[in-house]
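One chain, chain A, appears in both complexes that follow, with chain B as partner in the first and chain C in the second.
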Partner chain A sequence: MSAVITRRTVLAAGTASLLAAPWVARAQANTLRIGMQSILSGPIALLGTSSRNALMMEQDRINAAGGFLGRQIEIVYRDSKGQPQEAARIARELVNSSGCELLIDAEASSASFAVQEVVRSLDVACIHTNSETSSLTADPKIRAPTAFRVARQGVHDAVAGSIYLAEYASAKKLNKWATCSPDYAYGRDTTAQYLQFFKQFKPDLEVITEAWPKLGQPDFTEVITKLIQAKPQALFTLLYAGDLSAFVNQGNIYALFAQMAVATPNVDYPVLAAIKNLPAGIQSATRYLETFPDTPANKEWGQAYFKKWNERPTNWSWQNTVAMQFYEQAIKKANALGGKALAAALTGMKINTPFGVDGTITMRDDHTTIGYAIGWGQTIPKEPFIVDVKAADWGKIIELETEWKKQQKYI
Partner chain B sequence: MKSNGRSGTRETAIAAVALLIVLVVPFVHRSPAFEDFVIRLSAMALFATSLNLLVGNTGMVSFGHGMFYGLGAYAFALMMQMTELSLPVAAMLAVLFTTLAALCVGAICVRLSTDYFAFITLAFQMLIYSVIISWQSLTGGDQGLRGGLPRREIFGFDLASQLHLYQCCAVVAVLGLLALRHISASPFGQTLRMIRDNESRTGFLGVVLWRARLWAFTIAGGFAGLGGVLAALFVSGAYPELADWPNSGQAIFAVMLGGINSFLGPVLGAAMLLALNDVVARVTEYQGLVLGIVILIFALGLRRGVLDFFRVAWSKDSQ
Partner chain C sequence: MDLHALGACLTTSACVVTQTTSGLIVGMLLFLVAAGVTLIFGVLKIVNFAHGTFYMLGGYVAYTALGVTDSYMLAVLAGALSMALFGVVFERALISRVYGSNVLMQLLICYAVVLIFDDLVKIVWGPEFHAMGMPQAFQVPPLFIAGGVVPPFYAVLIGIAALIAIVLGVGLSTTRLGKTVRAAAINAQMVSALGVNTTLLFAIVFAVGGGLAGLAGALAAPVRSLSPGMGFSVLIESFIVTVIGGMGSIAGALASALLIGLVRGFGTIGFPQFTDGLIYIVMIAILLLRPQGLFGRRL
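This part shows the complex of A and B:
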């Protein structure tokens, strides 16, 4: 072979590589674009912008550390207004026209399903960061080969919440419950799911009244009086965001919180900020809390976010942060950006992150994350707002999730 | 007015040339964004043009036309998910279903005067929308019909491929528009315009007004359903937003923006609306504000749809 390599060949190759060097360097210096779409306008734009804020912080951090595969990253943001048709169009536009090589789908519920179908037809990796609807990844017919979820999953929260509430209800002898949840698919399905598990752990549970206010309803008087008249011992509510703060503010006027115990999984920092007098003793899950997990890394991130944006992060903020951390590790491992290569790297990957209950979060084989912090505690009117937080038992969550998957015929 | 035969041939020729150009583009230059645009425009153009059969031709302003667009999308997506029917059969049945729905709704609405007609179409749309939201076991409620559509191959065409979907939508849209054009230019179309201009005189001529209106309403509903089928193919599912009233508003915008007195006005309006949306979405989150200002400029500046404006300007020049 050595006979073939002449001085001329070496010279030619050397010249060629010298000439090519700037091109290779330029290609490597090309910015890597990552498409992000979310709800950035309308009544729940706050959640979309809190996702964008978190991603902007991640972009700075990753670029300071040298970017992905030596390329600086640039996240391209688009507003879908939460409309599925627009979400599908934007996902395709981000990849096909804007040159995005990775996708962060920060859409809620139905729009994320529309994006899922677009991703299925493109060889591009996508991480859903906000959709909590379990079937997105749990149903093998809906799961897409290169799409993953880094977010809470409805069934995980339902199991964790029900275990905590069953213990709480038994200790306080609370058998008569009322429910008050938004009147649409999320509210009705998730309430049913909580009650199913709740009754499994506390068979003598009795639901004596149900209230279904409309989404965005400004006046809860009718709902509050109905609940008070039914005289339940405790109330479970899935109201969230502006609805929850309006309900609590109006409930305070009727002294609702003095007449029954209240439990909700949906308390987030912006809700706390919008409530004038947060009643003490509401049983509440932690969507995101600086003090849970109570680690320096979590506190540091929460405070850095507050310092930069002058508002506190939401649940959506940490989920988007973790998505970028997963991309970072997967790209290092796969040394590639292609959908299939990244999918192989992401599946089963475990990363260190402040938002894991034990400092780690794992991407399971069914393309969804486990091990993230789920805790329940009780509210107090001042910081840290939720205290006595108990971490959920992930062993139990997975056991019951598996049962649920069998019931749904997903496995 | 030229004879129907001659103008029909000319229009078919124009449609064939337009279709040929659209089909050739991907072979010269592949642009996924352009192809997506054409797919969405196909759906929207059929939707808006069918509405103009009511608004421009018959003088019936329907605020609930989106219900047929949504029904077409749901009927098609449900048949694709729940049965083994081939894609064209499912599409045809979906259009048939929407046409029947339009016939039923129309039978109640068309006898009412203009204002009440507008209100009752809106009421029906809200009813249909509420049914879609509430019938969760069938429609998936507000989460929509998820899980994608099985893309069964038709005659070697795989609609999961963007190019094939583009070609299919372009052909369907051009044929659909051509059919609508023929309807509009036919004696039946002339009758509708007579009703619009003077319904008492048309009645005295022996035309049964409600029957002609009902036909127009039913045909328009059917074509809106066809638009809905294309929309369902694009999003691989069906979502309640497709049947909601802002969607009807989009079609009315397209008709007003493009021009109600020109057959291709709604197509141009739909193209402008989609293009504006795409450009504005890249630049700002205040899309509604920008779109509103642009539409206001057109409405106040031109005082009619764009194509109508140019037609009037053209005929003034030639005089």
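This part shows the complex of A and C:
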């Protein structure tokens, strides 16, 4: 067969392309595109990759069930590297140029605030799936009409953690504490929030030293030795991902965990699995745990994720899964995809999901979720890594959250 | 600023021992990386912005080698030797083409290598962090010296780095190769005119520099997280070390790396919110008093 491309061949191919174009366009138009942006590279890429993994599973599930309003869905992924300006640009591009009709904003907080402002100017629904900063939805001046949060919230975690840690500290007579958190807005604000509630429940609490290592700092030696010198009875840390792993590995060789009790809300399965020689007895929150809530549905989802990706899910994985479950129910209820219609459907909606403490999660009027599983337990070096998990009291969380909102003049 | 805590620390033997050890380990690992930067600059006048990549790859190679061999010693050797080889390839294939050209061209090549290898690491090892874990032999309680805490693993690392500093110093001042390298640092063209194979010499310099960075990455892998882009975190400090010590001076690199380590060790107690700033203030103060750096030649 001759490999020479003649003018006639080119013309024929061009004609065929022109004839086929409307069919291709129609097929594309029938597919419902959902834009997703996150941190998909760099030291905290785990946030984005574990979010994307969960969304890919949801796409398969939803398409197998007939899609949204009879249309197959296609999730379009973009890497913002966590940069707010880039995140804002991508959000606009996903809607205006890539034809996305719904948004999943799987960014960390700094970029989510930027995306929120873009969404405010578009009639499109957006669910923030990873931002934990409370003011994103709690502050009515920041809240956007068509933007919602399906993620744990800093103030909820701070109340739940403080109640648990106050009981633990009282039982063990631990009054002198140290803190060690990353030196940026999340670390400083959330540490302050925890300490505010912690002192409320345990007034004799004394913070005798603080350490603020940089995010991504390779060596924590001087921080660890400083903590050892201060001789606190217990340490509270908000380090996470690779930083937490390095801190634990470096702390182990100084026998740090034998010299003080340690508490952290930030451990996820991959971090627990990556830390070699995980010390037993660290007081730890359950970001995501296959055994909490201890239900067949939760276990089934966790194992399906592991089977598909050969790694355990993270907190961010379940949050993105629930976001798609909310979209699914809201679209059925509204029978529409517009931002305003979906916002009306989402507000006050309660869905059945394996990740709720009682099997349900509710989207409250202030565009944020409540009722998700929050628990605290202690670490062991082997799976399931966290045992003796105590569920947080959501009644107490909401009561104290309301007080906090009044203090902040949000309500 | 907590000068009271710093004063209390400096008058307590336990605190002095613990923070000094802490400063020594940070400083010695920094020296291994910075020694390569300063050696390459001293001889070739190339500012190797890709040096952090050698550190990163050394750690990753050691991580994989440990999985295969189950021997930390072999893993460290694999990390160091593979980076020495990579240094030769890097010099021959890329850097040798831009000797004497615009510094921006050198910077562009180095930056391209950083980006390419950061992405390759993501493809090969994944975008998430990895932890090597402490070798079995070092899973022992720390030593207590004069009330201070000294982990045996860190004592060994300090010993290895000190040994390398001695070998480098003695090698450069007494061996024929060392003397040739020092001569090339002063006038490479003259060395070449005297019949020395400078192509080979330059490749050796890159092999030593790359090998030292790879060694640092491999030695630190049991306690530091491995992640794509991790080389950047040590690159900035190794440049500070090079500038404070004097561009091209190995002894200067050792002195300034130890100085930075000790500033970190004690600064975190006295100036917990300003430890990084303190390092730059030390750098500015030294450069005001000695613009050529601690051990540098006057320009």
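Going forward, the second predicted complex is superposed on the first by the 382 of 411 C-alpha atoms of A that agree within 3 Å, B and C clash if a C-alpha of one lies under 4 Å from a C-alpha of the other, contacts with A are read in each partner's own complex, and residues count from 1 in each chain.
The definition used in the following text is that a contact is a pair of C-beta atoms (placed from the backbone, for glycine too) under 8 Å apart; a residue touches a chain by one contact, two chains touch by 3 or more.
The structure presented is a predicted model; accordingly, all values stated were derived computationally and were not measured.
K.L.:
Quick one: chain B and chain C on chain A, clash or fit?
P.N.:
Chain B and chain C fit side by side in the superposed model.
K.L.:
With both complexes superposed on chain A, which partner does A:Ala255 reach: first (chain B), second (chain C), both or neither?
P.N.:
second
K.L.:
One more residue to check, A:Ala274. First (chain B), second (chain C), both or neither?
P.N.:
A:Ala274 contacts chain C only, not chain B.
K.L.:
Should A:Ser41 be classified as contacting the first partner (chain B), the second (chain C), both, or neither?
P.N.:
So A:Ser41 meets both chain B and chain C here.
K.L.:
Please work out whether A:Lys176 is in contact with chain B alone, chain C alone, both, or neither, and reply first, second, both or neither.
P.N.:
Neither partner.
K.L.:
Quick one: classify A:Lys226 as touching chain B (first), chain C (second), both or neither.
P.N.:
After superposition on chain A, A:Lys226 lies in contact with chain C alone.
K.L.:
According to the stated criteria, A:Phe113 is in contact with first (chain B), second (chain C), both, or neither; which is it?
P.N.:
A:Phe113 contacts chain B only, not chain C.
K.L.:
Between chain B and chain C, whom does A:Gly216 touch in the aligned arrangement: first, second, both, or neither?
P.N.:
Second partner only.
K.L.:
Rounded to the nearest Å, state the minimum C-alpha distance from chain B to chain C in the superposed three-chain model.
P.N.:
Superposed model gives a least chain B-chain C C-alpha distance of 5 Å.
K.L.:
Would you tell me the residues on chain A in contact with chain B in one complex that are also in contact with chain C in the other?
P.N.:
Shared contact residues on chain A: 40-41, 45.
K.L.:
Enumerate the contact residues on chain A facing chain C in the complex.
P.N.:
40-43, 45-46, 49, 209-212, 214, 216-219, 221-226, 228-229, 241-243, 245-246, 249-250, 252-255, 270, 274-277
K.L.:
If you look only at chain A, which of its residues touch chain B in the complex?
P.N.:
Per the stated touch rule, the residues are 40-41, 45, 78-79, 81, 83-86, 88-90, 92-93, 95-97, 109-110, 113-114, 116-118, 120-121, 133, 135, 139, 141-142, 184-186, 188.
K.L.:
Which residues of chain C touch chain A in their complex?
P.N.:
Touching chain A from chain C are residues 9, 14-15, 18-19, 21-23, 25-26, 29, 122, 127-134, 138-139, 141-142, 149, 151, 153-154, 220, 222-225, 227-230, 233-234, 264-265, 267-269, 272-273, 275-276.
K.L.:
With touch defined as at the start, can you tell me which chain B residues reach chain A in the complex?
P.N.:
32-33, 36, 40, 133, 136, 140-144, 146-148, 160, 162, 231, 234-237, 239, 241-242, 278, 281-282, 285-288
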